[in-house]
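Same chain, two partners: subunit A is paired with subunit B first, then with subunit C.
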Partner chain A sequence: MIIEGAIIYSNLLVLLALGLTLTYITTNVPNFAQGSYAIVGSYVALTLLKLFGICPYLSLPVLFIVGAIVGLLTYLSLKPLIKRNASVEMLMIATLAIDLILLGVIGAYSEVLSQIVGSTQAKFVFANLDFSIFGFRGILFVSTLVVILLLFGLYLLLYKTKFGIALRASMENPSLAQTMGIDVEKTRLFSWILSGALAGVAGGLLPFMQEIVPATGDLIIISIFAASIVGGLRHISGALIGGYIIGISESLITYYLAMAFGAGFLVYGKVVSLIIMIATLLIAPYGITGVDWKKVRKRLFSQ
Partner chain B sequence: MVIRMIKIKNLNAGYGKLQILFDINAKVEKGKITTVVGPNGSGKSTFLKTLFGLTKIYSGEIIFNNKNIAHVPPHQKARMKIAYLPQTNNVFADLTVEENLKIAGYVLDKDKVKERIEIALNIFPELKNILKRKAGTLSGGQRQFLAMGMALVRDAEVLMLDEPTAQLSPKLAEVIFGKIVEMRDEFGLTILLVEQNAKRALEISDNGYMFVSGKVAFEGTAEELLNHEKFKEYSLGITAL
Partner chain C sequence: MSFDIISMILLWFGLYYIVSLSLNMEFGYAGIPNFGKALSVLVGAIAVGGILDRLLMLYFKINGDFITGSTYATSAINTIIASHPIVGIGILILAIILASILGLIVGAIFILPSAKLKEDYLGITLLAISEAVFLICTYNLNIIGGYYGISTPDILAFVSGEYRGWVFAGIVLIIAFLVFLFFERLLNTPFGRVLRAMRENENTVRAFGRNIMMLRIKTMAIGSAIGAIAGVLYSLYTVNIIANAFTRVDWTFFPFLMVLLGGKGNNKGVALGVLCYVVIKVLLDIYKYNIKYALNIPFEPVWLSYMLFGVLMLLILYYKPSGLIPEKPILTPPMKKKIAEIKQ
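And then the complex of A and B:
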């Protein structure tokens, strides 16, 4: 059961960390609103469920589009700062501001929705709506399938299409990419749209495993950053590796600590992610994908 | 009659508020090699970057095919058959050699890219056996061959090269100079070259400019520059003659 929960959580973290890493590589923006993007998706899924009776799993394509729009709007609002070569710190503060705006909008919207449906919608879960196969929760299969489809799609896009190669080129060296005739602006826009879309989908799946309140995004952002940093913010594959390391460690270590010392430890789950992140930064500042493994192997074998 | 490819009029440019180039007037002739030489910090590389749209232009004009392209963004200049090869980071390290060549033809159609890659591989046969290797794993010479091969794939009319022999051995530098001449003679490319190895660069060039402190100190045919007393004086501070 705990392993099942850890895999589900990791799958969702991968979706969210992928978006964060993507926008960081292309625009150098550490997006603190990434967690709230997901919660926008959660509330849109709740709205579709409450007002139209649409199962949250079926609303994933809509959440993809809504998330994409949120990503697009964020980029458009940050663009003037990016154009003026704003520092990373300034961009970070700007995304914090966007996060606070989103938090306020989601909070207000939950009140409006509560009035429309006639019961409080400030906190909710979808777990009771889930199906099960051989005793395993449906979200385990759905989230895994979404991650597999996403990775396959990303592989095809990045390695088999002209635009994908251009996107990789822009990520590595935007200035050189421009000299090839690549419209770097388009690739940046695309990365923000995709980042928002992935978060929107993750948001639709999140209530199947935990209770959602308007501020849930601000809690989950810690794990998203930890996943991206541990994996390495310079490579997309870092989000995948970091997502599973952080997701599984956070779930398992917190669980065993709670078993040993009491349920009170469950509250401090995010501390596990932060400790792993700090340890990684001390040992490998550029994350796991930033390590020169050939050098490490050489050093190990020479000793 | 001399056919002008690019004409630069009263160009003032720099980075942000830091002006580097002052009132530059120059011309680049079609099918010729024009070399810009000058001491470190004279604005040679900034000049190329400015022509390609990578710096801030305060005033002046860059006339290309009778149009002022001073404020055209770099990705659109690439579509106007102008190619720029930076001094460093001129290949995508995370992409394979083949992907680098393909992306160089980003603005061309598929068949044209294939045709141009074949041409590039004929000029740089050294790349044929390393097509699947990541560019980040190549030696300095191989990287430079790839970068120049990429410039050829672009099917450009004007090729701007920023110190293509930097950090290469004299033997390899000589090979690169040979390839530059080949690109002019075989494909009729118009080449604008910035080089630290001033004497050798001027020897293969048709025309030359000497930059000092962001201004054109003197200009003329490559031969005139090579024999100019001032050039010899300046050159002593640039490279061994």
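And then the complex of A and C:
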């Protein structure tokens, strides 16, 4: 039961961390608005459910598109700053500003929606809508399926198409890629759109796991950053590894702490991921994928 | 009513000016993107709620649980303050000293995990630590009462209600002015100039034999100590502490907005930025329901203000990244001499 929850949570974190890592690799901006992207998705799913009676699972394609639009808009509003070669601090502040705007929009929208539907929609969950197979919750299968589909799609895109090769080249070395005639601008645009889209899908699945309020995005951003940093912000596979490490340890360690010291510890999940993140930064600042494993092995064997 | 608005503006100006000055030293001078500024303000609240209230409970020998105990302790001290104003001032000074010491320690520890990090990782780590401490303080009722809240001593219990706002605004403004003088003196020294050099190029500073880590620790320790003073004043003004009030938006994002609006690296410019923001904030706070019904917006005005300030921040970044009053080059005596020579 607890492992089931941990896997679902990890799947969602992978979706979110992957977007964060993608945009960081291509544009060098840690995007503080990533959490709010997901909540935009959650509220769109809620709207479709309440107004048109569409099951949240079926609205995932719509969320993909809505998220993509949010990602695109973010990139367009960052573009003047990137063009001017603004420092990374300024870009981070800009994403914080976008996060605040999104929070305002979501909060305002939640109240408008409450008036349309006629009951308060500020807090909601989808867990009661879920189906179950063999005693497992449906979200377990759906989220795993989404991650597998995503990885398969990314694999095809990155390794089997010309655009993917260009994309990988501009991730490895943007200036060299530019000299070879690759349009770096296009790869950036693509990464932001994909990042928003993935977050939107994650947002549609998140209410099956936990209660959503307009400010939830500000809370999950800690776990997203922890996942990306533990895995390594410089490598796409880092998000996958980091997402599972943080997701599983956040759920399991908190659970065992709560077993040992009482239920009060359940609220400190974010502290667990923060500690893992700080430990990673101290030992291997570039994350697990940033470690030179050959060197480590050599050092271990020589002793 | 209109007089009250002025006292509110003065009070918030003082509070935010203290926070923004400390952020200006960290971000404007030293180039540390401290996205965890809210933590230092929270530390001030911990000094008042977590330490001072407990000391009072010990002094009045009140047992029992912390939240109700602190209510008894504060009402006991309030009756003493009402007849002996000097006790109130003493408590204010004690709280400020406690908060500064705690702020120095927390600030120095706060930056340690990010010892060898670049700007982006540094900013993320600071934000995450601050957010995690905020969460702990909100959910753990034993630190400062969490979301339930605790009361704090009313240091102006001897002043009647209608003048309390004005007297408090005066105290806050005096302290803000002292902080301003402190930073002007501190930053117009070789220390201030080496901070600016660190912002421009860390490697050069390292090449000249300065320890970057030590500089960062010193900056964050001083910055957090000053930020904590603002936290003390805020929690003593509101006479209670609710941990939810120390959010990232209020105490990290808005100070960044003020510093960037005024001009980073320029303490006088920051004053202008703070004034602009505070006037908008107080007017929005007071007239929010008038605005809501006049414009017929179907949601709480707070969301509108979030959108407004977010857009304002983006506009500043696009069109006025150096702020209303940009930073000026520093004219040290040798530089002035050189300029005079060139002019001749």
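One rule holds for everything that comes next: the second predicted complex is superposed on the first by the 303 of 303 C-alpha atoms of A that agree within 3 Å, B and C clash if a C-alpha of one lies under 4 Å from a C-alpha of the other, contacts with A are read in each partner's own complex, and residues count from 1 in each chain.
As a convention for this text, contacts are C-beta pairs under 8 Å (C-beta built on N, C-alpha and C of every residue); 3 or more make two chains touch, one makes a residue touch a chain.
Note that the structure is predicted; figures quoted are calculated from it, not measured.
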Contacts of A:Asn173 with subunit B and subunit C, given as first, second, both or neither: first
First (subunit B), second (subunit C), both or neither touched by A:Val125: neither
Partner chain in contact with A:Ile182 - subunit B first, subunit C second, else both or neither: first
Greater subunit A contact set [subunit C / subunit B]: C
Which of subunit B and subunit C A:Leu158 touches, first, second, both or neither: neither
Interface residues of subunit A shared between complexes with subunit B and subunit C: none
Complex contact set, residues of subunit B against subunit A: 52, 54, 73-76, 78-79, 83-86, 89-95, 99, 102-104, 106-107, 150, 154
Residues on subunit C engaged by subunit A in the complex (per definition of touch): 27, 31, 33, 35, 113-117, 119-121, 123-125, 127-129, 131-132, 135-136, 139-140, 248-249, 253, 256, 260, 297-300, 302-311, 313-314, 317-318, 321
Subunit C-touching residues of subunit A, taken from the complex the two chains share: 28-30, 32, 77, 80-81, 86-90, 92-94, 96-101, 103-105, 107-109, 111-112, 115, 218-219, 221-222, 225-226, 229, 233, 264, 267-268, 270-271, 274, 277-278, 281-282, 285
Contact set on subunit A toward subunit B in their complex: 162, 165-166, 168-169, 172-173, 175-184
